[in-house]
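Report on the following structure.
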Amino acid sequence: MIVVMRRNAQEEDVQHMIQQVESLGLKPTVLRGTERTVIAAIGDERQVPVGILESGPGVDEVLPVLAPYKLASVETKSERTVVRAGSLAVGNGQLGIIAGPCSVESEEQIVSTAHAVKAAGATALRGGAYKPRTSPYSFQGMKEKGLQLLAMARAETGLAVVTEVVASEDVDVVAEYADVLQVGARNMQNYRLLEAVGRTHRPVLLKRGPSATLEELLLAAEYILDAGNQQVMLCERGIRTFEAHTRFTLPLATVPYLQAKTHLPVVVDPSHGTGHTPLVPALARAAIAAGADGLIMEVHPNPEKALSDGYQSLTFEQFADCMIWCRRIAHAMEMQL
Amino acid sequence: MIVVMRRNAQEEDVQHMIQQVESLGLKPTVLRGTERTVIAAIGDERQVPVGILESGPGVDEVLPVLAPYKLASVETKSERTVVRAGSLAVGNGQLGIIAGPCSVESEEQIVSTAHAVKAAGATALRGGAYKPRTSPYSFQGMKEKGLQLLAMARAETGLAVVTEVVASEDVDVVAEYADVLQVGARNMQNYRLLEAVGRTHRPVLLKRGPSATLEELLLAAEYILDAGNQQVMLCERGIRTFEAHTRFTLPLATVPYLQAKTHLPVVVDPSHGTGHTPLVPALARAAIAAGADGLIMEVHPNPEKALSDGYQSLTFEQFADCMIWCRRIAHAMEMQL
Amino acid sequence: MIVVMRRNAQEEDVQHMIQQVESLGLKPTVLRGTERTVIAAIGDERQVPVGILESGPGVDEVLPVLAPYKLASVETKSERTVVRAGSLAVGNGQLGIIAGPCSVESEEQIVSTAHAVKAAGATALRGGAYKPRTSPYSFQGMKEKGLQLLAMARAETGLAVVTEVVASEDVDVVAEYADVLQVGARNMQNYRLLEAVGRTHRPVLLKRGPSATLEELLLAAEYILDAGNQQVMLCERGIRTFEAHTRFTLPLATVPYLQAKTHLPVVVDPSHGTGHTPLVPALARAAIAAGADGLIMEVHPNPEKALSDGYQSLTFEQFADCMIWCRRIAHAMEMQL
Amino acid sequence: MIVVMRRNAQEEDVQHMIQQVESLGLKPTVLRGTERTVIAAIGDERQVPVGILESGPGVDEVLPVLAPYKLASVETKSERTVVRAGSLAVGNGQLGIIAGPCSVESEEQIVSTAHAVKAAGATALRGGAYKPRTSPYSFQGMKEKGLQLLAMARAETGLAVVTEVVASEDVDVVAEYADVLQVGARNMQNYRLLEAVGRTHRPVLLKRGPSATLEELLLAAEYILDAGNQQVMLCERGIRTFEAHTRFTLPLATVPYLQAKTHLPVVVDPSHGTGHTPLVPALARAAIAAGADGLIMEVHPNPEKALSDGYQSLTFEQFADCMIWCRRIAHAMEMQL
């Protein structure tokens, strides 16, 4: 890393910081400019708590040079990871489309949705059985009963099942029924949960927290990879900004940026990423054109009656129409769908 | 608007607010719920300074119901505006591609760029002659000499010229040479300038400020429309958020959202919207897939030598390649390009 | 809530929405303005999934009127809650000062810090034994051994112990040693954990997530209150914004805003809220002047050697000096410290 | 600056960048680590367009080392600037209190307010005559007539007058009447206006734009200083963030941060910084405790009738009460008021 000294730093401060850098196992090189001195510290700064150098006497700032993640990095593994789970393949030119309701509500609801999204071109079914809800007074999900209904919908349609797990103690039961374990945005930094899904053999869909940096997202993925599970998809689902006309702001630059930094596939969620049904199709198309490896979208037989997220769910007809245009864009992009 | 009273508001507070609403020329309707009283104020709240009701005794909050802009609204004019300026047509199915350097630097630079972008498919030339720069020590533009070089490039290629005007006192000279007047993000709320470009007969490209809401952008457009100029393009160029891996965050939901609210065409700037050359092509494609009516992009013969914005400029080759894919997406979207 | 219809909404859309409102158990009142129709729905909207009304035909937007939390609301309980745990009292004029290292690292470190912060005026000791860390390669805490060292420091100094719990399965062991259970920013929406701490008899310090709205914070508190634990402190520790010169942005308007909405005490964390040691004392003073009920601050015997957060920790001397000025401000504010 | 090469950068890329650095007049030092090569470029990087190095082949990122402003820097002038204008002194231990209405509306309004704020302890009068308004349909100010009324209020009370100038063509007339020229947040990057006020002999109050970084604010000040005017106050008035319960988020860390970077005094605006009257006094106190050199606040005889900003204005009584507590805090801070 680079330690920038203040202009008025004393020589003894510089000497002190040189010692500090050495004590961290890094090799210091001192550069004395006309205005300031900087100390370049060469070596693997990932292994050392570099932040503490900022407390040193005479230090103005410390600039890291290396990315702090390793297993997720394209510098560690250059061939692109393809995540596969039954009917779903995501990455390296294969576009996965995961669709379904926010929450599993009944057999009829989930099975009819599975048929409808499959007919329109989806390659996996989503549906929440364990729901993390902002208010304790909101519907909290059907739990294991919901998982059973998802398995039933898979049996009927052949679609792989993607469903959220919200606590490490639930990982076993969810992994028993699901093809892909989703870690939601609120749990992106729930490290116990990341370690627990990392010890399963199920692929993981890891959603970005709404205020997480991409470096933090990659470090969260690193927890899963480090626990032994290499089948990880990253999901951009929107960030918190000052914009109020959408629930979240969906930054599609995430797609090419992550693809340059990591070998893991990148999925986009235009439903949470906008929070309003009428905006979802445009962002779904845009995500594919930006090069996304997959989409995850909310579809419900009757959004006005949905127990959660009705305001951002597509009807069957809206989804079918959206998919017509998504396929045109995917074709233009030479993606397989 | 809706005036929500506090739970513990007194009856005299309610009566006071009813009077206030009436004194603003609005018709109050009082709704008494089990927990609170709300006063609905019916009428054209745009004409009245409603914010002041928030100061009233016992008032919890005031919720506006009507959008504060009128001329820009799709409710006022439902047919979509097409902006035309020489070779450029933007809106209602016609995709405009505006490309060129950040700054005009020399005859050779601007003329060669004009030829290159036209060959690749651009329909207008951009180039800054008056440059608003963050630092007083940066290159401030060639001023009128730059405008003359732009006119020369137009004479050689037939491309319409889009260039920025930074002060009301420059509007006349810029309007003499340019086909489209650009109002930059820093000047989106420079109301004198908005009024001045509104009094010209030149189309205007109005860029969103990096922390402006879309309502503020539409109100800025309203200044131009209100001054008599109906040829206005709105431009999304990215907002300030916590993300640091891009210079700005480009929220493409702006495109379908604005198209539902206004009849004015919506242009996207993927160069400023990302701030890094390698991310520009993906966001250019995504903008078209989101339904944008136009793109504005920075292209330079030698970005490493550019006097401004080299880090986000495409070379001629990069732009030509980008346009190949943009055309594929435009074709998939059934846009004319 | 208020359902605002689009200008071009059909009468059948209005009738449909009236039925929807009724089916939710709310009483609709229709207000027909010159430009639009709005439907006011009176009743306890907290019990119904109102968001789904946004999916209705012809609906422009839905404006909630009631706050979605209840137990945390000042409208439910008007006397202010005082949180007490051993040496610590927070709320209603009593200022609590919680100080100590980010992580417990050794007996000497934690005991010496406890003595130092007590001497300077702190009323409780903080220290992390279970550490949620962004990177899997960072120090993860001493776990139960750390809890034992905290208990030892309490035995020596009499200071109440505040420490973080990161998973519901750890709640029992942490509650055995700690006087106050801290729920960290990353876990603000870990609902299982909220429910688990809600079932203990230990006071809880609940930190705001860096992108959580204050309504989301109050709803997270509601999970704890609803589980039976009334001893909850809310903690502002900074939000994610575009500002890069501080790690987070510390919005002190949180203090008077929350105090007007809830009876729970409000604590401020100027260490995480700035992320840089030199900025901490000014924000500590400012928090007290804004009316905060408590402070939580990081103090370390040797920040340059700290295993975590050294860049934002005060030395013993810096903390003692900071406390001198904090006491002056507290005195000016007529707070007890 | 520091040029960080990609891991897979070729030797020819490194050589190319060494040449580029030399061609900018900087001295390159090459540091070859186990994972990457970095090139440190020593010299005054402020004079060169360093951003363009990012376009170079094999470059990962470019990290600036020097702050880009110079005249505003504490490294250039270490004694603190005190701004003086009639009754107002701001900086170096002297606390200035600027109070008055958002807009000048009538003789009675401005004169009565001047008397009231002076009696409560204000040291200058604010009031807008030229108003930049978001909507073209809002009250746009009394213009020169308003300036005359401000001068009348000064004649009656002896308070210095602070008023906004919104366009370079108005600078002369405003400077004729005003003691301090305010440049508003929307105009922070209106460089013509900055240059124009820089050429006057009137002190300037420069407000931070709601999405401006502090570096951008200091560079805006640099335009004024560079034009010859050394009497500049910087004003924090809140930034745009995701928070919706306040109009803007007021980051008080700005105060100690700027005071460490610049010799210019720092003023805080708790009225715009919160946007809600009930939150203003707490943030006024907090700003003083954070070390601010001055405050600017909105006060109106009857906020419910104000033509602008009524929702954030204090009544005379509220202001007098606020000042009692502000004085207590100022006394605790050993500031002169």
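By written order: A, B, C and D. Residues from 1 in each chain.
Criterion: a contact is a pair of C-beta atoms (placed from the backbone, for glycine too) under 8 Å apart; a residue touches a chain by one contact, two chains touch by 3 or more.
Since we're looking at a predicted model, the values are computed, not measured.
Student: If we look at chain A and chain C, which chains touch each of them?
Tutor: Shared contacts of chain A and chain C: B, D.
Student: Same or different interface residues for chain A and chain B, judged by whether over half of the residue numbers are used by both?
Tutor: same
Student: What is the chain whose Cα centroid lies farthest from the Cα centroid of chain C?
Tutor: In terms of C-alpha centroids, the chain at the greatest distance from chain C is B.
Student: Just send me the rotation angle from a CA overlay of chain C on chain D, rounded to the nearest 5 degrees.
Tutor: Rotation angle, to the nearest 5: 180 degrees.
Student: Centroid of chain A to centroid of chain B, CA atoms only: how many Å?
Tutor: The mean C-alpha positions of chain A and chain B differ by 31 Å.
Student: Report the inter-chain centroid distance for chain A and chain D in whole angstrom, where each centroid is the mean of the CA atoms.
Tutor: Chain A and chain D have C-alpha centres separated by 38 Å.
Student: Would you mind listing the residues of chain D that make contact with two or more other chains?
Tutor: Touching at least two other chains: 211, 239-242, 244.
Student: Which word fits the touch map of the chains here: line, ring, star, complete or other?
Tutor: complete
Student: Mind pulling up the chain C residues that touch chain D in the complex?
Tutor: Touching chain D from chain C are residues 211, 213-215, 239, 241-246, 249-253, 255-257, 260, 273-274, 278-279, 282-283, 285-291, 325, 328-329, 331-333.
Student: Residue numbers of chain D touching chain A in their complex, please.
Tutor: So the residues of chain D in touch with chain A come to 2, 4, 7-8, 29, 31-36, 38, 40, 42-44, 63, 65-66, 75, 240-242, 244.
Student: Which residues of chain D touch chain B once you look at their complex with the stated criterion?
Tutor: These residues of chain D touch chain B: 20, 46-47, 49, 51-56, 68-69, 132-139, 166-169, 186-187, 189-192, 209-211, 216, 219, 222-223, 226, 239-240, 276-277, 303-311, 313.
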